[in-house]
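Once you scroll down, you'll see the structures, which are given as structure tokens.
The same subunit A turns up in both complexes below, where it pairs with subunit B and then with subunit C.
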Partner chain A sequence: MFTKPIHTKLLLGFLFIAALFLPLYVPDSYMFQIVITSLLFAIATSSMNLILGYTGQASLAHGAFFGVGAYVVAIMTKAGWSFWIALPVSGLVATGIGFFIGLFAFRTRGHFFAIVTLCFGVILFQVAENWIEVTGGQNGIFGLDSATPIPFPFFGPIEFSSQPAQYYLVLAVLLLTLFVLHRVVYSIFGLTFMAIRNNEELADALGINTFATKMVSFAIANFIAAIAGGIYATILGAVSPSAISIMITFNFLIFLILGGMATLPGAVIGAFMIPIIMEFLQFMENYRMLFFGALLVVVIIWFPMGFFGGLKTINQKIIAWRQSNTSEDSNA
Partner chain B sequence: MELFLQQLFNGIMFGSTYAIVALGLTLVMGILHIPNFAHGHLYMLGGYITYFFITNLGFGYWYSLLLSMVILGFVGVVMERIVFRPLTGQPPINAFIAAIGALIFLESLALVIWGPQGMRIPNPHPQIIKMFGITMEAQRLLVVGGAAVLIVLLHLFLKKTTTGTTIEAVAQNREGAMLTGINVNRVSSMTFFISSATAAVAASFLSPIFILSPAMGAVLGMKAFIIVILGGMGSVPGAILGGYFLGLIEALGGGYISAEYKDVFAFGALILVLSIKPTGLFGKQEG
Partner chain C sequence: MLKVESVTKKFSGLVAVKDLSFEIAKGQIVAIIGPNGAGKSTAFNLITGTLKPTWGKVTINGHDITGMQPYRIVTRGVARTFQTTSLFDQLRVIDNLMIAYKWRTKLGFWNTLLHLPSWKRYQERAFARSIEVLEFLGLTAKANNFIPTLSQEEQKRLAIGVAIVSKPQLLLLDEPTGGLIQDETDRITELIRKIRDEQGITVCIIEHKMQMIMGLADRIVVLNYGEKIAEGSPEEIKVNPDVIEAYLGGELNA
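What follows is the complex of A and B.
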């Protein structure tokens, strides 16, 4: 069930090599910046996938946790702390806030949960906008240094001021995230997530502590989202309330649904492809969101499994067709 | 005392708007079990349609309001038909995500047509009335009065006419309503029509006082959702009381505690109530 066929392994290997050498063939630094941010979005979307796709809880505070991570890193590095201390702290802060929110929100289910988390998201946004002494209000916090260099014997320190260095940092975090999510999702514990998604009453009856399980899923998802946000802040060198707004959550949602819910590659494909497609559709200006809004409706109605789910279905049909062909041959 | 009266009046005025918008949403939420998260954006669109008729075509205020009601009603019907009806029988979260798609669509539509800057409808009733030491614009009084009339009319329609009672029949028992020969699809369309038309009225009442912007639907939609959940899904009195209650909390909280965090009071109230009683204040026992 959990092993992959050889051609999938080859494809993954090819993608990995293509990703490693990306700085060599990316056309310009503007496009490079977009690639880096889309990879960051891929990290955040993958973690949203854990809570929404695998556990079935539509947390609409996800963008807010991304923003919390960005703000914590911005505030701490501005105060002189090392980025490498600020980053895990931002994850822990988001997990803590998430735990507090979860205490209230997990008493509700379905779209009630979505609305309660959305309300918390809006509250966090308003705090970011109005608590001027700490968050800088509408202007946000700017002039952040890039990540603190790591001292390294023989080679000298690794700096993170250049784009390729930032890219490899983000790529490493993305791979680490995917590895962790893969381990979580395909463990017995991950199966309890899916049991809750498929039928919460049944999961409860089977002795799964649904509240604690949902909370753990929520905590992991928020931690990763905040890490992505923290790196986002240091790469952009600034953070403003737009990093914590509802639109961020909605963007993650679009990436996730269009890419393919409840599949690990789907979230990455969605988050990586859509910002780049958006960039190519720049000439459409505001019509782009018109298009993506309509697309979201179409996809959720006709292809609820998204792009990657569609690929899977086609793949299965081809396999079925081949098998029926070979069985006909052997019959003849 | 004057500040208190002034805030009280403002609270009632906001509450009237909230009550109408929440009323439309509670019909759709409680009766069709459709989490129409785009309701606030229908409200926004209603304001713009009124603006279009008044400013671009030069129609009168009341005439534009009526046209806006009818047009937005049909927009609601189309939305139900295209977005929500194909999703019946699927997990409610899918309908919720579809509604988010619809709201992104509506907001960008307004952005594309009218641009991001605020628009203002010329105030049709700018007279100032002084009473009990507080000043009121006639338009603000109209919001309060008009909302009350609309609520009474809607109540009469739902309770006293056969067509209105079919809506309640579907709410009580969908299968049973089908068995007695009620066309559930037609009731859905009708409910969406009423819900959107009332949103258009609320928007047309308020838009001469405040500025129209594409983003104004989001917060109002969320507040309407909060009211509907607090008041209990499908509960008409709950939506009305909840609307006025929220308006007053905001006006008094904004006036006496902090104007910046005005919106936080509403969301805080929701979280508090839901954490004590997850099905809402007057909610039935179902998730």
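What follows is the complex of A and C.
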């Protein structure tokens, strides 16, 4: 039912090998740091893609769930818990908060849903900034240890203080995320998400519990966002309210729009390419935002499906053109 | 099978459907006719849960389904189509059908993520039933097509197929031949008959095309200004003076 052509598989294999050997050819540790954070953003953007791109629900609280993950990991590891316990807990906390928010937010649709989730995102930011005893207020929490080493027979413990180790940790989580999303998206279960995006009234009339389905999509997206945030905290060694601010959501949104909504590679391409392009545009200083503003306008008007979505649309047009040709032949 | 008992719907003062009662017996094709704005579509929406009745009761096989959510009413065996052809136009033909079968399965996040044996079984069952329906519709060759590549008639056939893929007991069709020419209308009429005869699904249909309805329906319910003004066999309806007065004029005798 859902198979990929051979050239796609080859390309994916090549990218996988290139990613595996990246520490060998990355130019310097500054660039390496950007690659690592880009991968983390790719994880969070991919999960935003599930709720926004595939399910069609514009959750603007996504950055807040990323921040919740970062804070939970920071607070728990500071209190002496192992990072490997704190990380899944951060996912569960975000899912729990998301469940509560969803109960209210999914009573609304379209723009209203975006506004309601935006408000909840701002509330979470305010909590982070003002609940000083727990979150450290504007200073945040700093001096976090890197992830607890994993004991490993023969080779000794795997430490996560070096950049390559952090890189492989993040890469593994990204691949796991893409694996989960791939399984979900290419299934009848995932089709129900797209059904809601496409025509909610019809989905309802065909026996799909749209509220529950949206809640599940929201929960998966929030869990993954928090995991990305949790790793972000441990790699930076600190967390501050900027990690939970609305700017994080809008960064993810820009990555997703430019990379390509409702495509698995689009989210990764967007999250990976844009911070790197930003680095190359350093010489333009603040004018580079002007450049991105213009780029965003062009993409939204002429390529609403983003970079990868554009490629996919062209591909689908070719398929549709072939289909209409063959059907004309058979009618004749 | 389906029983509608004194159902009334008011929209802030305006009475859209007033004290409507009728029954549909198993194996019948029942038509609801009436002029524009007579409350036909509203009646459908009240049965399928899209709207909640102000008063009255809807039961299917004795089970009360009044005011239930649409997605739950489907699981009681009542499927519907919409007046404007309604499909998932961003998805393929086969996807449209498989989505409609989903509630019959227990496909969820965990069995999908882990590809458990139950996932494989349900996924295959949904696929097999979808292919079966495609054959029934005569659209097998278009399984992987995207919706916009289908003709108007093919889209209407598919919309009906999407409604029957989960094997409902009762199918409600809201103007299934709207905007189609005579030949196409005849083919859809034939399809509706086959749905009753071969799939064993009871059909209730809203339609404007008198000639088609008179040839197809076993019973006809006539609505005017939200009220039932007549009910009976096509022959009875044709000669009913109220119906001729309110709606048909001299059309039928011509």
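In this section, the second predicted complex is superposed on the first by the 311 of 332 C-alpha atoms of A that agree within 3 Å, B and C clash if a C-alpha of one lies under 4 Å from a C-alpha of the other, contacts with A are read in each partner's own complex, and residues count from 1 in each chain.
Here is the rule we go by: contacts are C-beta pairs under 8 Å (C-beta built on N, C-alpha and C of every residue); 3 or more make two chains touch, one makes a residue touch a chain.
Quantities reported herein were computed from a predicted structural model and do not represent experimental measurements.
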| task | Quick one: classify A:F65 as touching subunit B (first), subunit C (second), both or neither. | result | neither
| Thinking of the overlay built on chain A, is A:F218 touched by subunit B (first), by subunit C (second), by both, or by neither? | neither
| Should A:S187 be classified as contacting the first partner (subunit B), the second (subunit C), both, or neither? | second
| query | In the superposed arrangement, which partner chain does A:R107 touch: subunit B (first), subunit C (second), both, or neither? | reply | first
| request: Could you look at A:F272 and tell me whether it touches subunit B, subunit C, both or neither (first, second, both, neither)? | output: neither
| said: According to the stated criteria, A:L202 is in contact with first (subunit B), second (subunit C), both, or neither; which is it? | reply: second
| Doubly contacted subunit A residues - partners subunit C and subunit B | none
| field | subunit A - residues contacting subunit C, complex | value | 1, 180, 183-184, 187-192, 194-195, 197-199, 201-210, 216, 220, 316, 319-320, 323-324, 327, 330
| In the complex formed with subunit B, which residues of subunit A make contact? | 56, 58, 103-104, 107-112, 114-116, 118-120, 122-123, 126, 129-130, 246, 250, 253-254, 257, 286-290, 292-297, 300-302, 304
| said: Could you list, by residue number, the parts of subunit C that touch subunit A in their complex? | reply: 48, 50, 69-71, 74-75, 79-80, 82, 86-91, 94-95, 98-105, 107-109, 112-113, 115, 119, 122-123, 126-127, 141-142, 144-146, 148-149, 162-163, 166
| Interfacial residue positions of subunit B with respect to subunit A in the complex | 35, 82-83, 86-87, 90-98, 100-109, 111-112, 218-219, 222, 225-226, 229, 260-261, 263-264, 267-268, 270-271, 274-275, 278, 287
